Amino acid sequence: MTEKERKGLDRVREIYQDRAHRAKELKAEGKQVMGYLCLYPVLEMLTAVDLAPYRILGDMEEPITKADACLPTVVCPFIRSALDLGLKGKYDFLDGVVMAHICDVGEKTSHIWRTYLNPSYFYFIDTPHTVHKAAQQQLKEQLKDFKKTLESFTGRELSLDKLKQAIKTYNRQRALVRELYDLRKPDPPLISGAETLQVMVALMSIPVDEGIDLLRQVISEVKEGKNGPPKKPARLLVWGSIIDNTALIRMIEELEANVVIDDTCVGSRAYFPNVELTDDPLDGLVYRYLVGLKCPRTFRESVFGETKKDYIKDLESRFGYIKDYAKEWNVNGVILQSVRYCDIHGYEVPGLRDYLDHIGLPNIYLEHDYSEAALAPLRTRAQAFLEVIG
Amino acid sequence: MAWFMGIDIGSGSSKGVITEDGKLVAYHVLPSKANYRVVAQKLRDELLAKVALPPGDITYTIATGYGGGSVPFSNQQVADIRCCARGISSVFPLVRTVIDVQGMSSQVIRLKEGGQVINFVVSEKCAAGSGRFLEVIANVLRIDLKDIGPLSLKSKNPITFTTGCAVFGESEAISRVSEGISKEDILAGVHKALANKISTLIDRIGVEEQWAISGGGGLNVGLIKSVEERLGIQLLVPPQPQLITALGAAIMAEARGGLIARSEITN
Amino acid sequence: MTKVVIMGRDEKICARIVGPTGAEHRRLANKVMEEALEQANLSFNEISCVIATGYGRINVPFADRQITELTCHARGVVSLFPKVRIAIDIGGQDAKGLKISNGKLIDFVMNDRCAAGTGRFLEVIAAALGLKLEELGEISLKSTNRVKISSTCTVFAQQEVIQRISEGIPLEDIVAGLHDAIASRVAKMVKRLKIEPDVVFTGGVAKNAGVVHALKENIGGEILVPDEPLLTGAIGAAILGKELTLKAVAKGETIQRKERRLEEATFFNRGN
Amino acid sequence: MMSNEKKKRAINRLKTMYPLRNLIDEMYQRGVEASKIGKPTAWSMVNWWEADPILKAMDIEIVYPENYGAVCAAFGAAPAYLDRSDSDGFPTHMCGYARNCIGYAARMKDLGEIPPEAPMGGMAKPILLLASGSLCDARYKWFQALGRYLDAPVWTVEIPHPGVEESFREGAYESAINFMVKELGEFVTFLERLLAKKMDWDKLAEITDDIIKINRLWYEINELRKARPCPMHSRDFWSCMNASLYPAGDPKESLKLYQDMYQEVKDRVENKIGAVAEEKYRLAFAELPPWHDLKIFDELAERGWNFVIESWAYHPPKPIDTSQVSNPLERIAKETYQWFTGSFKGALKAKEYMGYFAYPYLEYARDYQCDGALLHPLLTCRTATNHLMLVQDRLLNKLKIPSLVAEGDIVDLKLFDHADTMRKAETLEEMMDHYRGVRREEGLEW
């Protein structure tokens, strides 16, 4: 079997093992590959000028060494790892890089990346922190400029039609991801959390249309349902900062639990929000990327500009979607996890736990160092939590 | 004739040297034990006895090291990082990076000719990042410190420690022994663990040839080998690595004392 | 330490054994089990359910089930102190804080990366001072002027302590300083659970009256200690085993049992 | 014979510093008194002169929990508040100021009033929490998290953070200013609703003008520090920065005090009086100092170390002319944006893409002819730490200036290791000597 013919989950595993393989192949074929960090760079625009987006991730299995010379050790180890790989030349195959103001250290890392690695194309999107109208306008102005730089870099026009086309394609991919996630609703789920995560990582490593084909194959294989996980007492939702390696989920699923749904950024957070096709497609994109993406890096409140505040109402508006997930996927416990030193997620934890307590979902918070070797101590914690929810 | 003294009160052992016109004429090493003051005094007595001089004949004395503040007879106290750089440079003038592995910490120092420090990093205050880790493991394996290096070189299959703590590492070593893992594999594992820690220090300041190792860690061929392999470099090892810092102190004392002597003449 | 508790259906303890934990978890498990059976005067086959817990729980070949020490400790503490809200367990490998509500474990924190802040810290230093663990508590209670231990690393603290001795600082003041060092570290961690009475302190280190005292100071309130703090986890495991068995019996199910066989049984062989 | 005499401090402090320092101390009292007579109080944070004039023009008293964090640390009240925040489940690696504030608010909620142990009279209960989306994640996440304890609404004001090159793209400037003006406009409307009263635009224009004047003067004072020997030590800067940073009290009064200071510094320059007796080394300090161990600067001064420039984030913006801008909101926007982007031209030329936080230190080091830098990463403040390794690397590799990293924290005061820092400082001297020669070889002018 040649590589392209290899199907579904086998192919997923293959991509997961060697993420850059396909990108390098494409590059050899003359396609330009554009790296991006986090969820805020607008992928539709990259695809519309015929660039292949490739998500920059870290590597939990590789010790961080080089990055310590330009980032302190008391910051998010995921971002340190990503930068470390960059400094070690592992992302040299990228033709350019797009980064955005995600969190504070993400923003600083963007500038460090540019200073040290100086890619031939680089763009930094200063995503606002609020969702006010003025903030949406500010993002839109930047996207207009981003468009110009993409056009001059590629020498191709980013036409409205192509952009609309790309939006439709991405929405199609997003719908398929939902379909895959739906297969986790039965008990036992038809696909494990760890395998789903592999699929998500694979999707972020190949062009969107190839991803669509891959998803179709995966879905049909999973539906046959031969190799799904066994039934287990706990059906968990995993919330939190980035998880781009299956080790943590695998560790949880080796215990008496299935992870059936996530709210993390290599998962539902990345794929659930759709883009509405607006007259000016940029409007729909701005809305999706600023308002639609539910990452705690954005400040949102229940009612914009309200003069009185109600705590529960506020929580409801910020976390209500988690309740919906829990209902739809029939969840009986929530693991909140975050890499150490992530302020974005850290500040959210007590409020989210208040909310989960309020709606009666058992929960636990685990902090980890983004290192496979350092996961072991979490095992006892996770197991104890499962014993607690019985 | 003028004599100078360098005293390095380390966390584990105290080292003293006397130099005469830049040449080492006597040295002595004592375990630091608990009372630095007493050790320093004893070290001086031993040194003076070796060269048969009265204390007054020492023109200038510099103390350094962890307990350098408790040397009552010193003329001056100088940071160990500086002394180490001075010392290594006197032995290997072309060295630009020195890895100093002591009992309390490991440090990497970059220097220029003459032993002037141009950059440095120091490890955290955790025994797992210092030469002490090796001592701890040697101790539980009941192997003499001086033998752990050569023994570790025999290993084909170094273990990987699952803990980053020297104390838990000790128990891990014990259980490995009981599982039938050979002592050389365990020793090679601990050398590797320390070499990894050292290499993260090095990544932070960048480096330059030539390289040397100093401190008690320089007595350990196993550690030298692990560091060389980890970094793909060649380390120069001075004949008495443990004395380097004390030697540097004496050399600084010469410079300092020489100046004073001259100014006394002109006055 | 390796502990065994054998308990009847009435939760009455019929054997309690404490042995050291060495490198060889498996052999030790066999050995202490053998002693416990002898003490209880039972044959191994008469034991309905064996639960293993603790760090070495996977190394107990004859256990029917492994349950984490967090759950077992919580269960044990609740059986001894039904009103407990916070349990602090300091053992040789780690320190944990358990938050308990209505007899159920609802949250916890633990430290297991660095030996400082665990019982191992005291073991290492007691050995360096040539003292027995049992003596530490009493010695420290005599202190009137405890010293501050500045090293955060266990290994370096050991050295610091020896230095202090040679400076002529009274032993009791040093030991009190050590107890404060470990208590403040653990208290800092446990405070994350929001401390509410009743607070119970268990695990081997709770046998040390000096740490109990220091922990009280650091937490700022009363602390209850079981008579045999070392056994709390094992008691909890036994109770959980009993509950599992009764539940299974009630449902008419059988619990999967491992073969009741002790390896390397030495002086006598009652089982099988 | 000398031992009985009090040893003279090695740093020659400015006399005009003291009244400025007092202004901040009075701020809390004003807040508490204001709340007694029913005047509204807002909790705010450093927002680089963006929102303060608006609040002031609406007659709202402002207190600053960030500054209060430092106060609590100094008075020893912080540990209890930190514990409270920790026990409520906030991770311990979060900003010490935020955790202090969270603990304080929790306690205030329990008691229903200002906690009696609160230093300096405490912070009055706010009617508004004004968060800032700029520079630091903690600053908008933390005020939102206060919702657990306070029912005051939260508003987040924004300042754009463009990339260096992106900021020069066509339309980028206008868009950024437009964004800020609109955001501030919405904020004014919100305040009008909250307080049920109208904005006095003339008053706003006047206050804005005063604040800009203060900043100009403060900028000029700092320019004078380029002199050799440097007339004003970083310690004086830190003592005085707050009166500008948190435009405390009556701006006109502050302005007068800064004028006095300008005069004193200028006199020193003219008479070649330095802040330390013998200026052997000129240093820059990066980010917040170890507040509880400021005496270390005296010890270093004894060795001839003069700290001539520091903490970029607290310096006033480089002057631009906005006097012709009639809309005060636009004027504010331009000035504040300038604070962020004022060094971007130089940064672009130097191909340094961290245009604020990192690049300004390269500018300082050159303009103030520094021999070295002391960098103080803070365990719980990533914002003041993120860039320091980069700064260290760039200072050394581009300008041949060595620096020293000494870790500490803003609230957990035990983290800073005085003895260890002094040991390393001694070594840094040697590095500074060495790099003087290197700079000369490379044709750098100092």
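When the chains are written out, they are named A, B, C and D in that same order, and each has its own residue count from 1.
The working rule: contacts are C-beta pairs under 8 Å (C-beta built on N, C-alpha and C of every residue); 3 or more make two chains touch, one makes a residue touch a chain.
This structure is a prediction, so every number in the text was calculated from the model and none was measured.
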Does B-C or A-C have the larger number of C-beta pairs in contact?
B-C
Relative to subunit A, which chain's C-alpha centre is the most remote?
B
Just give me the whole-number Å value for how far the CA centre of subunit B lies from that of subunit D.
42
Whole-Å gap between the CA centroids of subunit A and subunit D
35
Send over the residues of subunit A in touch with two or more other chains.
68-69
Going by the touch rule set out above, which residues of subunit D reach two or more other chains?
88-89, 389
Where subunit B touches two or more other chains, by residue
204
Viewed as a graph of touching chains, is the assembly arranged as a line, ring, star, complete set, or other?
complete
Okay, in this complex, where on subunit B does subunit A touch?
162, 196, 199-200, 203-206
Please give the residue numbers of subunit D that touch subunit B in the complex, ascending.
389, 396, 402, 423-424, 426-427, 430-431, 433-435
Residue numbers on subunit C that touch subunit D, as the complex places them:
188, 191-195
State the interface residues of subunit A toward subunit C in the complex, per the touch definition above.
362, 364, 377, 380-381, 383-384, 387-388
Given the complex, residues on subunit A that touch subunit D span 68-72, 74-75, 101, 103-105, 107-108, 110-112, 114-115, 118, 122-124, 126, 128-130, 132-135, 137-138, 141-142, 144-145, 148-149, 296-297, 299, 301, 305-311, 314, 338, 340-341, 343-344, 346-351, 353-354, 365, 367
